[in-house]
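Here is the structure we will look at, set down as structure tokens.
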Amino acid sequence: MKVGLIGFGRTGKAVASTIIQNKEFTLEWVLRRKTVLENRSLPEFFGFDDENEKGRIYSTEHITPDELFDMHPVDFVIDFSSTLGIYTYGQEAAERQIKIISAISHYKKEDIHYLKELSKRTAVFWSPNITLGVNYLLLASKSLKKIAPFVDIEVVEEHFKQKEGVSGTAVKIAEALDVKASKISSIRAGGIVGKHEIIFGFPFQTVRLTHESISREAFGTGVLFAAHNLIDKKKGYYNYEDILTPYFNNSKN
Amino acid sequence: MKVGLIGFGRTGKAVASTIIQNKEFTLEWVLRRKTVLENRSLPEFFGFDDENEKGRIYSTEHITPDELFDMHPVDFVIDFSSTLGIYTYGQEAAERQIKIISAISHYKKEDIHYLKELSKRTAVFWSPNITLGVNYLLLASKSLKKIAPFVDIEVVEEHFKQKEGVSGTAVKIAEALDVKASKISSIRAGGIVGKHEIIFGFPFQTVRLTHESISREAFGTGVLFAAHNLIDKKKGYYNYEDILTPYFNNSKN
Amino acid sequence: MKVGLIGFGRTGKAVASTIIQNKEFTLEWVLRRKTVLENRSLPEFFGFDDENEKGRIYSTEHITPDELFDMHPVDFVIDFSSTLGIYTYGQEAAERQIKIISAISHYKKEDIHYLKELSKRTAVFWSPNITLGVNYLLLASKSLKKIAPFVDIEVVEEHFKQKEGVSGTAVKIAEALDVKASKISSIRAGGIVGKHEIIFGFPFQTVRLTHESISREAFGTGVLFAAHNLIDKKKGYYNYEDILTPYFNNSKN
Amino acid sequence: MKVGLIGFGRTGKAVASTIIQNKEFTLEWVLRRKTVLENRSLPEFFGFDDENEKGRIYSTEHITPDELFDMHPVDFVIDFSSTLGIYTYGQEAAERQIKIISAISHYKKEDIHYLKELSKRTAVFWSPNITLGVNYLLLASKSLKKIAPFVDIEVVEEHFKQKEGVSGTAVKIAEALDVKASKISSIRAGGIVGKHEIIFGFPFQTVRLTHESISREAFGTGVLFAAHNLIDKKKGYYNYEDILTPYFNNSKN
């Protein structure tokens, strides 16, 4: 399976490094706005030596997604650019039935509308937090809430000191569980990378679901899991819940 | 829904106290081997005042399950006695279509065979660890293992100093996840009531599922959950996985 | 060493049960306001059989502390009654050089003044939270704050759902570490007995000091530790920091 | 205060990056065996711009420690090289009263003997694990063991899957607390950077001291703390316990 990546910021780089070390997918190219690193070989950039991997870094200054799709055909395009990225390649990808995986966090309503339009012609997957662990936590928590609707739920998130505001993931967890924002506790201390804990308080027992981030490469794991589960999809609009649910209900073994 | 309880040791008492405080079920009677506390009123014994609750404690010295079923009909019989208990009431309960919930830990193969025979005529539920939280953990863990088959799994269990051997629950978790026994770490320190943690180590993130016991009343919560989910079952043989799975696959909301 | 206990509420009972099982101290009597359980044997009440233990329960309805001190002399009086208790026995205890250990949480300024007056004639120890573990945490945390004055500190406390307000212990921890009240997160869920965690966030590492309560008997452990460390004190006013500090600076081995 | 660093492997680099960002110390030079990066400017290498920092990277291929001490005098030499390093600069450093901080893990007896010889002429500090947090844990744990000699102690250490054997730090903790090796549980899962937890089990309460590593820069924090506490020392042999103890016994505020 061939993959192209749009966006090469800190997270984009971590995702590229994960894809390049994976056996199921090859990273054909990276397309970014800046010209820094243009034409660099990806395996060389990451110090990873595998004859099957030979992608390069391109800049939108000198090539369009359309041209790149022609020169270096891919099965998936992964988007870690910005909310605007989708408009530069969406149409062209859909025409070629290239599947789209977008990890952009802050799409507006019209952007999502556009994604859904594209999904009539190809498979489109969107997740604002594409980490496998966090999405698992979300689904496992929702199950527990259904099992025990009256359990007390609290969310604790810990991050490095400079992080401002409540973590978006914690807010999403609280919303999914229909828990008030006041039930989120935010710890800000030193260099904590990122931890989310959902506490389910029963009268005589406590259940805790915890996710700890080690590094940004976790986004890559999430992308690869999504891609793997989209291989057999022709078109349609998917999110993480759609691809994880089958694993919970025994239809996948 | 009317409930009778067989067995009144430390756990039986904790379970009785939980049932008696529940609105959906009333505790009609307790049947035990010993004559201690015979004829005592259950609401009075637990210092719980509710005019709907008026059960008493009986001893097998002076009454048989059969006679009790006639005098004080019930919908469920809950078994916290011993592996032998089922043979004193099973037949009679099945005949009357009284549903059976057994929490006996160490049934032998022939006992389970007997349970299955009974399940042809009434609903029979058996769980060797009837805690809701632990059973939830088991199922949620199995889902995560299916999602990420190559994740590293470790189980840590903590209990009070005197507890001998590896916790049976930890062993069951390891078996369910196909994890080697060497991957269970047992902590024995002071008066820790009971904690089980399943650690899922991904390269760039860690997921932890943790269950902490506060008191034995947690078994009562588990019994009530099982009973609630058996109300609409006529006959058949059930375990915790059977009644929890629907909550994971969106068929229950 | 002989001990008398004033106050026999839920915590008083737990403390009595701990003292009665200890080899270094014997519980000579309990004095309480109510006449319930009056004259009951303490070993019998707790189902504890030891020929050295033969204390009884007395009520202030029928005997004064003064009379009790004469009939059943003690080396220590332990106070788990109320802020008023000290005025009923303080003078008489000080005269007899009976050491006083008070665990009353909410003394007013004038009560503490009175304790200090008494401490001119006997050893007086007061701790509003007499748990050994929490007091250790306080001292260990203060050391770490001195070592790393600029570390980020957060306090997380977890308790059962019904507990109102921020835990007094968490407030005391925050004050001792000069940490703003806004840095305390309070989790209220189910039946959690009590947990306090102090998080020290460094840029490249995190240190956590955690105390989990299992049951009220922990107060008994704290009382016994205080008593043990007061044995060689003739008079003076002591708190937990006074008796713990020597263990931190190597003067005790 | 001027600092020179010997050794520039992965940990040496992390330490250099921490020193260079600190206001109290300036990094005058790095000396390494390899010629890779020779003559590179340190501020430039770390992308850190501060006119007070202007150190460079040197190689032992082209310069000796002795020459470097003359050209670029320092107050401290920090050793992250190998057990052999000390023999290349120890004599020369001691003569000039340059204080020595060594973080070499596996010195043999004769190496330590040599360090002690040098300490007759200058201040010599050695710590096989120079992390501030782990050393704090060691000392805080020893205090708690003295306070409660009969408490149950267990050590749990978690690391990435590939790490072989029991963590050296866990072994050191167990030795310091006189706890059997069988009381260490080793978890190996995914990419866990490093976590050490010391569990103190009391009958009615549990205390946990936990250290979590985020990145190797933590070694730099430890070096800077050691250096800060050696500024006023003329000569003598020191370890982490020596410099931490005063913070525990109130002589430092």
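Each chain gets a letter, A, B, C and D, in the order it is written, and its residues are counted from 1.
The rule is short, and it goes like this: contacts are C-beta pairs under 8 Å (C-beta built on N, C-alpha and C of every residue); 3 or more make two chains touch, one makes a residue touch a chain.
What you see is a predicted model, and the numbers here were worked out from it, not measured in a lab.
Look at the contact of chain A with chain D and you find the same residues on each copy: over half of the numbers used there are shared.
A separation of 40 Å divides the Cα centre of chain C from that of chain D. Chain geometry summary: the mean Cα position of chain A and that of chain C are 52 Å apart.
Shown for chain D are the residues that touch two or more other chains, namely 190-192, 200, 202-206, 214-215. The touch graph of the protein chains shown is complete. Interface of chain D with chain B (complex): residues 151-154, 156, 158, 160-161, 185-192, 199-206. Chain contact summary for the complex, chain B toward chain C: residues 190-193, 214-215. The part of chain C that touches chain D in the complex is made up of residues 18, 131-133, 136-137, 140, 143-144, 146-148, 200, 202-218, 220-221, 225, 244-245, 247-250, 252-253.
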